[in-house]
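Some structures to go through are shown next.
After this come two complexes, each holding chain A, first together with chain B and then together with chain C.
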Partner chain A sequence: MRPKKSKSRASSRAVTAVVVMRLYIADGAPNSVKAVANLEAICKEYLKDGFELEIVDVLDFPRRALADGVLVTPHLAKLSPSPAAMVVGNLSDRRSLLGALGIHE
Partner chain B sequence: MNATLPSRVHAGGGVVIERVANGRILRLVKSGPARQALESGEIDAVLDAATGTAFLLPEARRALSPAGGPIANSLLAALPREDYQSLLGELEPVTLTSRDVLYEPGERISHVYFPNDGQVSLLKVMADRKTLEVGLVGHEGMVGVPLIQGVEVSPVRAVVQGSGSALRMDAVRFREALGRCLPLRYELSRYAYAKLCQARQLAACTRFHHVEARLAFRLLMAHDSVRADEFRLTHESLAEMLGMRRVGITNAATALQRRKLIGYRRGKIRILDRKGLKAAACECYQVVGKLARVPLLISARARAVRPRA
Partner chain C sequence: MASLAHSLLKIPTGISGFDELSRGGLPRHRTTLLKGGPGSGKTVFALQSLVNAARQRQEPGIFVAFEESTPEIVANAGSFDWGLPALAKHKIFFLDAKLSPEVVQSGEFDLTGMLGMLKAKKEQIGAQWVVFDGVDVLLTLLQNPVAEMREIYRIRDWLKENEVNAAIITAKLDGDGSQIVNYGFMQFMVDCVIRFERRLEYGVALHRIEITKYRGADYVAGEYPVSFGPSGLEVGAPEPTEIRQVASGERVSAGFERLDTMLGGGLFRGSSTLITGVPGTSKTTLAGKFVEAACRRGERTLFVSFDEGADRIARNLTSVGIRLKPHVKSGLLRMYSGRTESIGAEDHLLKLKALIREHRPRCMVIDPLSAIAKAGGIEAARAVANRFIYLAKDEKITVMVTAINEGDEPETEATDLQISTIADTWIHLSYLIRSGERNRALTIIKSRGTWHSNQVRELVLRDTGPMLADVYTAGGEVLMGTLRWEKEGEERAKTGRRRAEFEHRRGELQVAEADTQARIKALQQDLARQRAELATYSSDNQARIVSSSDREQELRRIRSADPARRASGGSGNSGKGNKKDARHAT
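Take a look at the complex of A and B:
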């Protein structure tokens, strides 16, 4: 994938490569709703348009989630740029989420 | 699709999740972020590699249930909303398949069932294996009444007669729920009384009423339970319920068909003229219908004195 420059002007926070993520949720369940909101907030603040996020509802696609090694939801997988990382839970722990996404404050 | 978390889930990768009686996760046999998140209540669903299914944890199930929509089972619908909400985490949706036996006589009652639709027939089984229906449970009721009175063993065979769905609750949790939820206890006391009266009515009906009238009564009850004009009910099942030979049922059904009250094709009965069928039925249909609506003064009082959280 061709790296894309972030539109963010906050140079210290800017991420040059597009961050590709996949979030596995149980749509409508409380922690999943929180996880989506928390991730969206982080993306808006740090990544602007420099990210791709796919949300997979495990209630609709359990086998796909299992094939991807997902055991519990919410589960966020950062696929690229490397290193790949994952976070489970409702993503309210900002520091571990930023760490997994490779964002340095 | 989502389902209730079984007592043991093999989530793959050597991870085993076990559940304790109160629905909380006991342990995740592996350390790591999943375990941490699970322990801090940040998990909604667990994936089971063995069945390829996602299991919702109780909190998530409660949130995803259509609590804002109509509640299909009348007993549950009669509860104050917060009591209903508190039970939801322990209620597990199940499919009722025609001819499934929920309990045999003398068997331990493992679960109670609150049908949403479909119907469950309670059959008294005699030593020579002849049967007679002594109760019928549809969306207005619950299967597993002995547990309300503290009896763990079923005196009857409970068999599904029309496919549908139900919410079921483990017997241990049901007893706990009865202990803490006063409105549930009173609703079920009222229901147990109505069931007792229904059984008395059925006893008299079997002795005094003509088979055609009894069949019309039974078909109206089925019509009410399944909430559909057409439902599957074979002559064999009807013979089991009404304690008759199949030929007797066939004759009575043919008579009702000739009067254009019902249609019958390949085991499916269609109600063509409900008003006419009511006229053909014995008085028991009206009596049993009134029983289901009998109010208990205690029920209103229970709600009035209920401590507010």
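Take a look at the complex of A and C:
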């Protein structure tokens, strides 16, 4: 379905701090599919190109996910800028997601 | 064949008592649900099964901890002799499945990713056991009953696909009602359901276990006690229905000779003796004497006391000539002193078992066994007391236990523990109060399979040891104490008096006899004299009669007064008449 399990988008502008995120998903699971869609929508709306997102399919990289402390999917890790944050769920709750990412509406 | 089939269907947990209860362990290749409130022992049970599989059969396992973190679990299990830290490195994989409080939730999540990771881990280490501990903790976060149920089914499907020897899921079902989902449906989903319960009785926590479901297999129904010891959790499984102990004909001393005599030669090896009595009736002394006698025979002995220090007991017994310390030093005797306030009867039994395993005694004393009923309900204490007696029998240990009974009627004894029926010998100690003093009385109420004295005896404590006094009965009762002492004196005086009386009477009789003899002699002399006199008198009289009749005839003839006929007739009459006639005629 997805030829590349890991992808990133580099930002071109360095005016605002770039938000670095990693999304762990179980490919094909409804919640994971929803999470990818929800996150992409948010990024488009609020971060424009000021973000880096890596999507990791734990079914393909279970050991890495374990090492990263992932339990349930979907699992979003905001790596920078600090404070780091973790969000679980299909990211349908926008308010809590934006709060965790430090984005003000 | 049946047992072979069973062993194929079930996989042992290695948990003492549980494998007996379940007749072989958990269902093989199936899922077992452990349900129960917090602190009821679910986690320990699950982890212990995993540890046993890893240690005894080299079967690796995965433990998914939803409730506690790995360090917490390892620390909590530190009191058990499992060597968990080492196992956690190689044989058991812990997955911390507790969401950090910093994690923000945004919408629904699922376990697809986690199960994918577990599958990889299982294949990596070759895990044969999987435990999902406290699965409800995580799923409650979903706040959606349907979603929770869906995740449970996801776990079930995963377990079906990734066949393991055994899978365990624990959850707080029938909890405090704070959960949204009633996990009751899980009971229909799994093949085996085990219910755990922790409840308070008289301020002491009691743990119980019950197999409530076991699909297609035989198991022992009912609720059984659970206790926690150095090796983990232990189930007080029912004793085998059939009693297979071998009865020994060998006799061992109950402590001292007179008591042995009363028991018809001593106690049977491997038998159990119950000593009952109110406080202060020397139960401990009797038990101490039994222990000392056993040590003197060179037998390993265990002296378990409650709420009194071993050292104090040894010292106190010295005052009645019982020396235990040398035997403690030589290692023959192990004295253990336990506290009773805080732990339930089950834990006592576990400790006793451990002590027996450790010391391997041939003789054993528990003083007092009734102490185990102090904390936690009487029901549990009764069961434990019974199980202890059977345990001792199985181990062929000659055991003497004491029990305090309220009141002083042996009939009402029944000790709260109700062990008098299973004890082989029952000695009751009591006080008899009479004439302003209390005396200790010993009665053998029963002694199976042997003759025994039916008499109440006085137990006297000397500095050389306890002894049973000689029996004095008066008015149908055994005399004791001062009364006995008085009676003994009285008996002595009476005997003296009787002897003197006898001597006196004998003297009297001798005198009387001599007197009679003398009188016989005198009488005989009288007799002889009288005979002689009589003889003399008779001859005189004859002479006189002859002479007088001659004279009359002479006179008649001279006077010619009487006819000759009269004279001839007159000769047949008395001389007197004749004389009268003669006078008339004159």
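The criterion applied here is as follows: the second predicted complex is superposed on the first by the 90 of 105 C-alpha atoms of A that agree within 3 Å, B and C clash if a C-alpha of one lies under 4 Å from a C-alpha of the other, contacts with A are read in each partner's own complex, and residues count from 1 in each chain.
The definition used in the following text is that a residue touches a chain if its C-beta (ideal position, glycine included) is under 8 Å from a C-beta of that chain, and two chains touch if they have at least 3 such contacts.
This structure is a prediction, so every number in the text was calculated from the model and none was measured.
> Give one of first, second, both or neither to describe whether A:42 is in contact with chain B, with chain C, with both, or with none.
Neither partner.
> Touch test for A:63: chain B only (first), chain C only (second), both, or neither?
both
> Which partner chains sit in contact with A:99 here, chain B, chain C, both or neither? Use first/second/both/neither.
second
> Which partner does A:87 contact after superposing on A: first (chain B), second (chain C), both, neither?
A:87 contacts both chain B and chain C.
> Should A:73 be classified as contacting the first partner (chain B), the second (chain C), both, or neither?
A:73: touches chain B and chain C.
> By residue count, which of the two partners contacts chain A more extensively, chain B or chain C?
C
> Chain A residues touched by both chain B and chain C?
Shared contact residues on chain A: 25-26, 29-32, 58-59, 62-63, 65-66, 69-74, 86-90, 92.
> What does chain C use to touch chain A in their complex?
95-97, 99-100, 102-114, 116-117, 119-121, 124, 138
> Can you tell me which positions in chain A touch chain B when the two form their complex?
Residues 25-26, 28-32, 58-59, 62-63, 65-66, 69-74, 86-90, 92 of chain A touch chain B in their complex.
> Provide the residue numbers of chain A that touch chain C in the complex, in ascending order.
Result: residues 24-26, 29-32, 34-35, 38, 58-59, 62-63, 65-66, 69-75, 85-94, 96-97, 99-100 of chain A touch chain C.
> Would you tell me which residues of chain B are touching chain A in their complex?
1-2, 11-13, 15, 33-34, 36-38, 40-47, 49, 52-54, 56, 59-60, 63-64
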